[in-house]
Amino acid sequence: MPVNYNLSASTSRPWTFIKLIFKWDGSVWKAIWMQYAVWLGFYFILSGYYRWIMDIDQKKTFAQIVDYTDRRLKYFPLSWMLGFFVAAVMARWKYLYNIIGWMDNTALIVAQYVRGTSERARMYRRQIVRHCMVTQALVFRDLSVRCRKRFPTLDTLVAAGILTQHEFDVFEEIQYRYARYWVPFQWAWAVSYNAWKEGLIEGAYYQQIVSDTIREFRTGLAWLCNYDWCPLPMVYPTIVCLSVHIYFLVAIVARQYVQESENFHIDLVFPFMTSFQFIFYMGWLKVGEAMLNPWGEDDDDFETNLLIDRNLTMSLKIVDEGYGKTPYLAKDTFWD
Amino acid sequence: MPVNYNLSASTSRPWTFIKLIFKWDGSVWKAIWMQYAVWLGFYFILSGYYRWIMDIDQKKTFAQIVDYTDRRLKYFPLSWMLGFFVAAVMARWKYLYNIIGWMDNTALIVAQYVRGTSERARMYRRQIVRHCMVTQALVFRDLSVRCRKRFPTLDTLVAAGILTQHEFDVFEEIQYRYARYWVPFQWAWAVSYNAWKEGLIEGAYYQQIVSDTIREFRTGLAWLCNYDWCPLPMVYPTIVCLSVHIYFLVAIVARQYVQESENFHIDLVFPFMTSFQFIFYMGWLKVGEAMLNPWGEDDDDFETNLLIDRNLTMSLKIVDEGYGKTPYLAKDTFWD
Amino acid sequence: MPVNYNLSASTSRPWTFIKLIFKWDGSVWKAIWMQYAVWLGFYFILSGYYRWIMDIDQKKTFAQIVDYTDRRLKYFPLSWMLGFFVAAVMARWKYLYNIIGWMDNTALIVAQYVRGTSERARMYRRQIVRHCMVTQALVFRDLSVRCRKRFPTLDTLVAAGILTQHEFDVFEEIQYRYARYWVPFQWAWAVSYNAWKEGLIEGAYYQQIVSDTIREFRTGLAWLCNYDWCPLPMVYPTIVCLSVHIYFLVAIVARQYVQESENFHIDLVFPFMTSFQFIFYMGWLKVGEAMLNPWGEDDDDFETNLLIDRNLTMSLKIVDEGYGKTPYLAKDTFWD
Amino acid sequence: MPVNYNLSASTSRPWTFIKLIFKWDGSVWKAIWMQYAVWLGFYFILSGYYRWIMDIDQKKTFAQIVDYTDRRLKYFPLSWMLGFFVAAVMARWKYLYNIIGWMDNTALIVAQYVRGTSERARMYRRQIVRHCMVTQALVFRDLSVRCRKRFPTLDTLVAAGILTQHEFDVFEEIQYRYARYWVPFQWAWAVSYNAWKEGLIEGAYYQQIVSDTIREFRTGLAWLCNYDWCPLPMVYPTIVCLSVHIYFLVAIVARQYVQESENFHIDLVFPFMTSFQFIFYMGWLKVGEAMLNPWGEDDDDFETNLLIDRNLTMSLKIVDEGYGKTPYLAKDTFWD
Amino acid sequence: MPVNYNLSASTSRPWTFIKLIFKWDGSVWKAIWMQYAVWLGFYFILSGYYRWIMDIDQKKTFAQIVDYTDRRLKYFPLSWMLGFFVAAVMARWKYLYNIIGWMDNTALIVAQYVRGTSERARMYRRQIVRHCMVTQALVFRDLSVRCRKRFPTLDTLVAAGILTQHEFDVFEEIQYRYARYWVPFQWAWAVSYNAWKEGLIEGAYYQQIVSDTIREFRTGLAWLCNYDWCPLPMVYPTIVCLSVHIYFLVAIVARQYVQESENFHIDLVFPFMTSFQFIFYMGWLKVGEAMLNPWGEDDDDFETNLLIDRNLTMSLKIVDEGYGKTPYLAKDTFWD
């Protein structure tokens, strides 16, 4: 999950965001330092070459090249591209985060409508929420680098207790060329249907509510996959990324301090203003890159493993320990 | 809650918004005066140094630096960044405000479907809405600085009457490493289920409506937490804030009145135009900062304590005093 | 309601929008003429001062000031600010319009499910829709300047027949420090519940549909209040308004025809181009101002009184006169 | 309906959109040729006047005016205005298109739940969908120029078979000052309620589904009217249109080839670049104008008559001929 | 479907997107190479003509034309147009992708509520999902070039097993001038109704859930057609495409290295900077073109055939093989 800076940013003071600048994790510095170092290296190599190796004629020609490129850097519509691109990517990121799958509602509804404190009732409740978790683990394994590392094979799901051995065998019986994410979900539904048949869910309408909350959870996971199958057309991020990089490649030449140049004012050796520009544009691009695919191992990417643990623990807690622990009815303090 | 200026802005006259300019609370002046004072201080220190301490050669060099930086300030894409950033932040702010949690619908539906004027029925109605309020107080404590100050420990919730001592004990029985926001919500649901079982809710379908309105309320609160867990990638606000600040840092040099400079027209001593620019850009940035995390103590931040008081008072009023106070059926004035 | 220009704009011809320019109500001319007149006055006072009173030295200094300011007017990011600001305000305006409250669906559903032509059934139907109207009138009184003028006190609602005297007394019994908008709504719901109990609504499910449509109506009104409580952070409109006004304040100096200025081409006396600019930017700002708070008395503001009249008349018509007037079943013209 | 160019644009090749340029219907050429011709006329009149009638002094003054205006054309923020304006208008256009009213779902649900092949059942089904169509015709008559021409009076609806004479009489009985769109809709609902009472709809829940799909259809039509009543504040399109037109009005002067001008390079007689600019900006404006009110007779406006015919034919086909024509149950090809 | 680059982009490293640059399928290079080659050809022809054929006077005139055009290229608002256009097109593309039709939910719900392992129950389940697939195949045939090539006639659907011969005959009985997409959908609904009548669906409410999920699937497909019928007004893509192409057409002249030009710095023969500009703007335009109509055969267009195969296989698998394969109830690993 993205680095949390809410507490330090909740009340806006002049120095609120200044402080953020000195963080490292999830910061712009961490995101761009390597690229900046390489860029600066090339800049100084060319700078040294100009200062110590070129003769006067070469310097003149070089100044012409500098003037030529510097004047034409405005051909690059970086600001527009980055503005619209980051807005598009952020909309997508928010959508993905919205459907990533929180078990709370599902578990609470299962605990509400699957009634009884018998062992069988408890098994029903636990099985429904656990089957939902299996699908989430399966989907996250295929999307997220972090989750794939945690569960390299399906066996590991059994070892982690998310899947029982028997369930794993049933799962493996179904073999065909497309995804099998729907299998545990079908189990969850069938189990809830059986609970109704056995009378643990007291009404067809209640059964439907349980099915519906499972469906909502599943639909979110399904769209995670669908959006993974069909990302933004590749040309869009490529073109934006290319623009920014070529801009600064050209800037290595165009922003040299060259006395023979038209735009020359003073030789400060270090390219201050272009460095600032590098930080802003490259950092802005990183915002887009980081949100374009949030399934990796960046500081700001989704913490899939954390979410699986939280979901599993919390939903078992809700359906089992939380069930039937209601305080007795009493008059509250404001009772007149 | 944001400073309310609606009444003074409802009819658009030439001087409508001019008047807003002379307010202090929630104004741009209050937001930026400190930064502006510091900036102006630095500006005049440099200005004095240039006027009284530098010799002619130094002044020439200084003029070159001024020209160099002034020409290159256009490298900073402030307008694009701020425009897109504020739009993104505002969308988020609106979403948070939409799910912040108003008890009205929940309370009205509870009052509609939990029937009876017996003490038991009243206890049912009051308990359901109060349990919802507990969750809201718990969530606001963790998000909002103001609410945390009001309820520093869970005990204070008991003291405030939101939670009874018995409920607090039940709540404390459940201990594990993740959030326990769901507990009072599970109570509310269980209570409504019992009300149906006792016949106070006259139909399974009606019970479901009550559960559903509670669920809606809870889902909003849950997403408040989810969005707090996973804010905008930190790089985005940092990069925008950094751009604005470095821009004006450079402007301290670039916007000096320097007679030797290319751009020199007249020496007005005070940097009028740059001051205006400072106000607009810094004020624009403040719009974004204030809305980025609305849980603090800014003038425009959400008044969580006020909302809790209002919700608690209003919902108890609705389910208790409002119940059964319906005017008798009568012919209205337009009856022919 | 906004001035309606749809008929004149439905088919796009070259002169379609040209015609709109010559309208007065709701036009840009009406919105800005006063400010433009004041601005022009100041412009010509300064112009006269420059032409007839300044000596040559003063003129030279003045020309330097003109050059200084004119060059730096580009510091103002008006276009970006206005573009994003108006987009944000328009989104809000559309949302408010969507929830402003049209009784049609509510009335039609009441007429559909509360059955019978007896006087009692008619009273039920009329009472439900009238109670909804009471809430709308209460809310509009607090939001809209126009509606407040029409109903300065609650008594006037009784006089207008929206509320009966008995209902007014019941309403006044409930006194506490927060809003009482929910009271008539609770009546409407209770009445529909009673109608079900008496068998006038033939099924619990149908009762729920009636309650639900009332809820939808109420939720819209509630959000009108919520959004009034918590408007856009005040800094945003202030900063935009301030930018535009200071821009043109500076322009009074910067855009003078001054022969000694660098930019001087010809002395046309009247500031044609700056006037155009004034019209466009100030008009654009007015779009935002007019939509920011649509509860006033501008030409384009919501016609709350008209809407109350329409809703009341139409909904009584629907539930009473429209009930049971169904044409008999017959073969239509296309019957083979 | 907009001119359909999908087939020619489905696969993106270099010449895909080039081909679109040579179309006439719905093209930019058709949209702007008249304005362009007028503009060009004025341009050449002024050009001729400058070349053949002005003396040298006049030419000098004229050159100064040209320089003055050309330099200040950048005061017009056309790109920002058009960008944001067209985006706002397009959002509105999409919304209108989404609620314009397609009968398919309504007809299919009526055919699903109103059971029986008796003449009475058929009459029920046909009557419900036809009554919905009446409302659509009534609404389109008031919004769309095309539809108004087709049905100038209500009698013509009877002649067209959409309304029977008896229904027309019932409709005319209700007379008051507001719209009567709800009348046929109330019929449709009452008819469906009767069908349930007669047992042709087998369950209260199914009756509700039928009512609900009618409601959805009606709500769309109602919002078409609401949005027609309350369009975008008139200032917005006026100001955008005005900006573009005044820009090119000024450009008639500012873009003359004047040898005495500062910006003069070569006399090409025909204003090539300004013509391109005219096409792009005016064409962009036309995109906005065409979508601002899609109820006219433009090439890209909604084909209301076509939609009424399609809806009527298709829905009668569905509820009548389509009913009960289900293929028998059989094993499919993939049966193992 | 768009080329998938998620795996290579999941973790953001400096070289992440650099790698994407060297791909060919779905890349910017593939999209624009042909246009770039043609453009470069024209550029060098003109360049050669200027260098070797023009005499001095012609060169002078040519330089004037170059200066004239180069100065006025800024008249083209490419960045604004492309930014807003691509944003609009992307919103539309996302909407289409959202409603393209995934059978998962439908199949799972059919498998949940149509009970029994008898051959008849299996036939019911298979028939419902297969009928949905028929509609999808019919719609895709009319929209997508790829799908039309696969199923050139309706007979081929029978051959492919999507439709049985008997169903095809029933389908062919209905003949009229509008689309017949609703026919198989009406079958699916009728079949589900019959299943309820036969008791295979255990409750009217469950039957409604099945109908509803089919309706959702159908509504998506219907809107695919509706949006195909009524695309973005043609002027919009034309004007954007025209702007970009004319810009570079003019640039062939304006960006020549001409020693007599005002802007001349150095003769690099190859137009480096303009080539970069060509790549960025034309690539940006391609993003819009590719998403404007995603039904073609571009690398990034929707893989309709793949989707049909996946849907058919998966949904038959779900309703048939997946049915009744639920693991037995057991205590999980975390059972205390």
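Letters are used for the chains, namely A, B, C, D and E, taken in the order the chains are written, and counting of residues starts over at 1 for each.
Note that contacts are C-beta pairs under 8 Å (C-beta built on N, C-alpha and C of every residue); 3 or more make two chains touch, one makes a residue touch a chain.
These numbers were taken from a predicted model, which means no experiment stands behind them.
Student: Under the document's definition of touching, what chains do chain B and chain D have as common neighbours?
Tutor: The common neighbours are C.
Student: Suppose chain D were not there; which sets of chains would still be joined by touching?
Tutor: one piece
Student: Would you kindly give the rotation angle relating chain A to chain D, two copies of one sequence, based on a CA superposition and rounded to a multiple of 5 degrees?
Tutor: 145
Student: Just how far, in Å, is the C-alpha centre of chain D from the one of chain C?
Tutor: Chain centroid spacing, chain C to chain D, equals 24 Å.
Student: So, what's the distance in Å between the C-alpha centres of chain C and chain A?
Tutor: 39
Student: Could you list the positions in chain C whose residues touch two or more of the other chains?
Tutor: Answer for chain C, listing residues that touch two or more other chains: 31, 80, 83-84, 87, 205, 286, 290.
Student: Report the residues of chain B in contact with chain A in the complex, numbered from low to high.
Tutor: Going through chain B, the ones touching chain A are 31, 34-35, 38, 61, 64-65, 67-69, 71-72, 75-77, 80-81, 83-84, 87-88, 120, 123-124, 126-127, 130, 144-145, 161, 164, 166-167, 170, 173-174, 176-179, 182-183, 185-187, 189-191, 193-194, 204-205, 208, 211, 215, 218-219, 222, 226, 228-239, 241-243, 245-246, 250, 286, 289-290, 292-293, 295-298, 301, 316.
Student: Would you mind writing out the residues of chain D in touch with chain E in their complex?
Tutor: Counting only chain D, the residues touching chain E are 1-6, 9-12, 14, 16-18, 20-21, 23, 26-28, 31, 78-80, 82-84, 86-87, 90, 97, 102, 104-105, 107-109, 111-112, 202-203, 205-206, 209, 263, 265-266, 268, 272-274, 276-277, 279-281, 283-284, 286-287, 290-291, 300, 302, 310, 313-314, 317-318, 321-322, 324-335.
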